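Same chain, two partners: subunit A is paired with subunit B first, then with subunit C.
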Partner chain A sequence: MSALIPIFLLNGIYYAALLFLISAGLTLIFSVARILNLAHGALFMLGAYIASIFLMYNDIRIIILGFVLAPLTIGLVSVAIERGLVKWIYNREQEYQLLLTYGLSLVISDIVRITFGTQPISVTGLVNSMGGVDILGYTFPAYNLVVIVAAVVVGIVLGVFLERTRLGWIIRACSLDSEMSSALGINVNLIFAFTFFLGGLLAGLGGALILPPTVAMPGMDVNALIESFIVIVIGGLGSIRGAFIGSLIVGLIRSFGIYLFPEYELAFLYIIMAAVLLIRPRGLFGKEYRRV
Partner chain B sequence: MSNGGGLNKIVESLQKNQYYFILAVIAVLFLIPSVSSRYYIFLVGLALIYSIWALGFNILFGYTGLLSFGHAAYLGIGAYTVALLMNKLGIMSYEVLLLASIASSLVISMAVGFLCVRYTEVYFALLTLAFGEFFFAITYKLYDLTGGSDGMSVLYPTFLGQQMNLTSLYYVIVIIFIVSTYVGWRIVNSPFGKTLQAIREDPVKAEFAGIPVKRYQWYSFIVSGIYSGLAGALYAPLFAHVVPDLFHWTTSGEVLFLTLIGGYRFFLGPVFGAVIYAFLRSYITAYTIYWPLILGLSVMIIALGFPDGVIGSIIRFISKRISRR
Partner chain C sequence: MTILELNNVYVDIAGVEILRGISLQVDEGEVVALVGRNGAGKTTTLRSIIGLQKVRSGKISFNGMDITNMPPYKISKYGIGYAPEDRKIFADLTSYENIKVAMKDSSKEENILKMILDIFPELKPLLSRKGGYLSGGEQKMLCIARALALEPRLLLLDEPLEGLAPVVVKRFYSSIKKIKEYGFTMLIAESNIHHVPKLADRCYVIERGEIIFEGSPHDILTNNEIAKIIKGY
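Showing the complex of A and B:
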């Protein structure tokens, strides 16, 4: 067992990397626009399916194009959703906001089903051709290392963007108080749309990156959504740092849990979540939740 | 405004003769098996099960103001309690099975509710959804116990020592529907129900008025869970089969959807919604494979345009015309 620890660690971090991409988008949109986007999982799934169109080719240029185009497309779809639908219900009760994005999630996943069918789509070429890396006598897929690096880079870029750039400051200002920001002359509508674009971009990237080692299939949307919920509950809603730590915790628990108690790994995850809820209700990094 | 006046008269005469009206509905419900085909007995039975479930859901949603996105869990627990006791322990007595379903949904909703009511609004929805999916995943995983994705078959149980069939099951559903509607009506009009509504209107004020808000929300969650469990216990033998999809969030979405069709601002709204939904769904799924798409679009349209639900909007429209006259 002890010799396998590095591998479990890496697997957990790889898993956390993907979870971070998904949950960071979800939490970003919530913190700025106060919308819990239940369609986020469906956007993630759509990203995986769109990437599959490109990734089935053996040409590295087309594959890279896929990794660029899939997130961009999802980002634009996300903006279209915000401008076309979500915009109208910012001032309504949260029930309707949840309901709208829930309906949207059903629509997107059914469109995916109609377009791509229900058979799982697998593109293993990339993972196979990249081979493995030897780590203490065990082989770890090189592709997974690339995903980890990519997520870390995205996390750092996102952090620097939000903390150090002017646009990042404006976004954080909007998340603290969008009315006041609007009174100060900030075009809040534009910021909301941009946040949805960023969130969609991250979901699409997550979808594209998860595809090569796994498959694109119906149901992956709900799984992703629920797991990013768990991440968010543990890390705290509306906090990117919380999403980062939450992803690591969930990723590592899953990776070790699958080995240690395969039957109850999922239950264990929920027990951890329940414990965080009881001990620190707002999540590890969450701010005191208040109605804005 | 001759039209509004006509409607006004209808509403008035309904109010004046509401007891006759209720008796007429009950009589129709009891007469259905002797005049209609098995298909319609099944469909009306299903509509009544949906009604019980949605009435319970609406005690939490409409009356307490908490939107649960995981209410499939308690329906599923009721149904799986029946299936498990029948398949693993060979218990065929429906009296026992119904009581066991109430007990199991009570225990589970107590535990989950205890965690979830610590939050409101979006967090509450998120948590109920996450816990709902937990039961979905666990029924998939525990293959030896639950049959995994194949589910389990359920036979007609016995009631008062008699072997049941579709018709007798239907009568049990009707009776439980009537009783639970009556009990629900008493609940929402009791001091307890009024307290819940006060919490819905303004939790902070309610807290200052000395109401232990969290505890009342928890009670509401439990009542709602028991209704759902009971609906599940009726659902299992009607469908003769239980599958993990019962726990899925699309099932949770269904109860929300049908409550919203009917309108959650008045007591019987969910019942209207349930009847419309059961029939609509059965016809639409017979003609098209795009049911989730249609469901999703309808949910979006309701969210954007009909905040009081379809029936609620119609009633509001009518009462506006009446008052204008």
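Showing the complex of A and C:
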């Protein structure tokens, strides 16, 4: 077992990297716009499908284009959803946003089924061509290492953007008090739309990155959404740092759990989530939220 | 020159008429106090000017432009700064970040910061401290500093002295005087009649959503009937 620890660790970090990309977008949108976007998983799935159009080619330039265009497209779809639908329910009760975003997730799922069919789409060429890296006698897919590095880079860029730039401060100001931000000359609607773009971008990137070693298929949105919720409940709703730590916890538990207690691996995640909810309802790094 | 004019402004909140035909004007360079007891409609008046409260009827003009029911961010960009009574500091942002968020023109950062620290030198060592860790008085300073960072032509201050210790209140008198020296026009909502002469050139008295008196601060202090209404006894 001890010899396998580095591999379980890397598998866990790889899974955490993907979860972080999805949950960071979800939590960012919630922290700024106070919208719990149940369509986020469907956007992640749409990102995987759009990426599949490009990733089925063997030309590295087209593949890279896929990794750029899929997130951008999902970012724009996310903005269109915010401007076209979500903005009308900002001041309504939470039930409206849950109904709307859940309805949207069903619509996006159906659009995906109609457009791409119901058969899983596999594009493993990239993973195969990248080969593996030898780690302590075990071969770890080089692609997975790239995903880990990509997520770390995204996390750092996002952190620096939010903590060190004026636009980042403005986004944080809007998340703390949108009314006061507006009185200080900030176009809050524009910031909400931008946040949805960022959230969609991250979901699309997650969808594109998860595709090569797995498949794009109907239903992948539900799993992604549920696990993202576990991540942000543990890490704290609205906290990017919480999404990072929550993803690591969930990723590592899943990785080690599959080997150590495969029958209870998912149950164990829910038990941890329930424990966090009982002991610290706002999560490890979460804040208490009020609508302003 | 009149910079702000409210003409017969009516505001309802949750079906209750809060402002009943308010009319007032503020000239450039003036410090005008809107005096009244709690619940008289001072905060609602300021919130209506900045666009945070919907106006049912009437007109608010700023610099000759109709700003009635415009989005707050546009009104702010036209040159009105607002410092609310409850400060509304962004607790997770440092003092510097709070100020910088409001700054429209980064190229003027040095000059704006210099002016702010001249008015509130106490903020200098606090620039890197998060807003949530400041005392009430420090938050009041930061709140006004943040509004000043907009370089507004008109500054709306809602109860700037509320909840401050007497020694700090004296300190704020000189700050507000200094803000005036910098040429800012101010409309100050104030419930304590005794602060008014030290703050304002001219004042309006508001009671139950109506302007019932207009005059100099001295006029208010010497008018027993008005003083009684404001004090409530």
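One rule holds for everything that comes next: the second predicted complex is superposed on the first by the 288 of 292 C-alpha atoms of A that agree within 3 Å, B and C clash if a C-alpha of one lies under 4 Å from a C-alpha of the other, contacts with A are read in each partner's own complex, and residues count from 1 in each chain.
The definition used in the following text is that a contact is a pair of C-beta atoms (placed from the backbone, for glycine too) under 8 Å apart; a residue touches a chain by one contact, two chains touch by 3 or more.
If you're wondering where the values come from, they're calculated on a predicted model, not measured in any experiment.
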Going by the contact rule set out at the top, does A:S182 touch subunit B (first), subunit C (second), both, or neither?
second
For A:E263, is the partner it touches subunit B (first), subunit C (second), both, or none of the two (neither)?
first
Per the contact definition in the header, classify A:L126: touching subunit B only (first), subunit C only (second), both, or neither.
neither
Please indicate which partner A:A216 is in contact with in the superposed arrangement: first for subunit B, second for subunit C, both, or neither.
neither
Between subunit B and subunit C, pick out the one touching the greater number of residues of subunit A.
B
Pick one for A:G103: touches subunit B only (first), subunit C only (second), both, or neither.
first
Just checking: does A:L21 make contact with subunit B only, subunit C only, both, or neither of them? Give me first, second, both or neither.
neither
Which subunit A residues are contacted by subunit C in one complex and by subunit B in the other?
none
What residues on subunit B touch subunit A, complex-wise?
61, 67, 69, 115, 118-119, 121-123, 125-127, 129-131, 133-134, 137-138, 141-142, 248-250, 253, 256, 260, 290, 292-293, 295-300, 302-304, 307
Given the complex with subunit C, which residues does subunit A contribute to the contact?
166, 169-170, 172-173, 176-177, 179-188
Which part of subunit A faces subunit B closely enough to touch in the complex?
30, 34, 36, 38, 85, 88-89, 92, 94-100, 102-107, 109-111, 113-114, 222, 226, 229-230, 232-233, 237, 263, 266-267, 270, 273-274, 277-278, 281, 289, 291
For the subunit C and subunit A complex, residues of the former touching the latter:
50-52, 71-73, 76-77, 82, 84, 88, 90-93, 97-98, 100-102, 104, 106, 146-147, 150
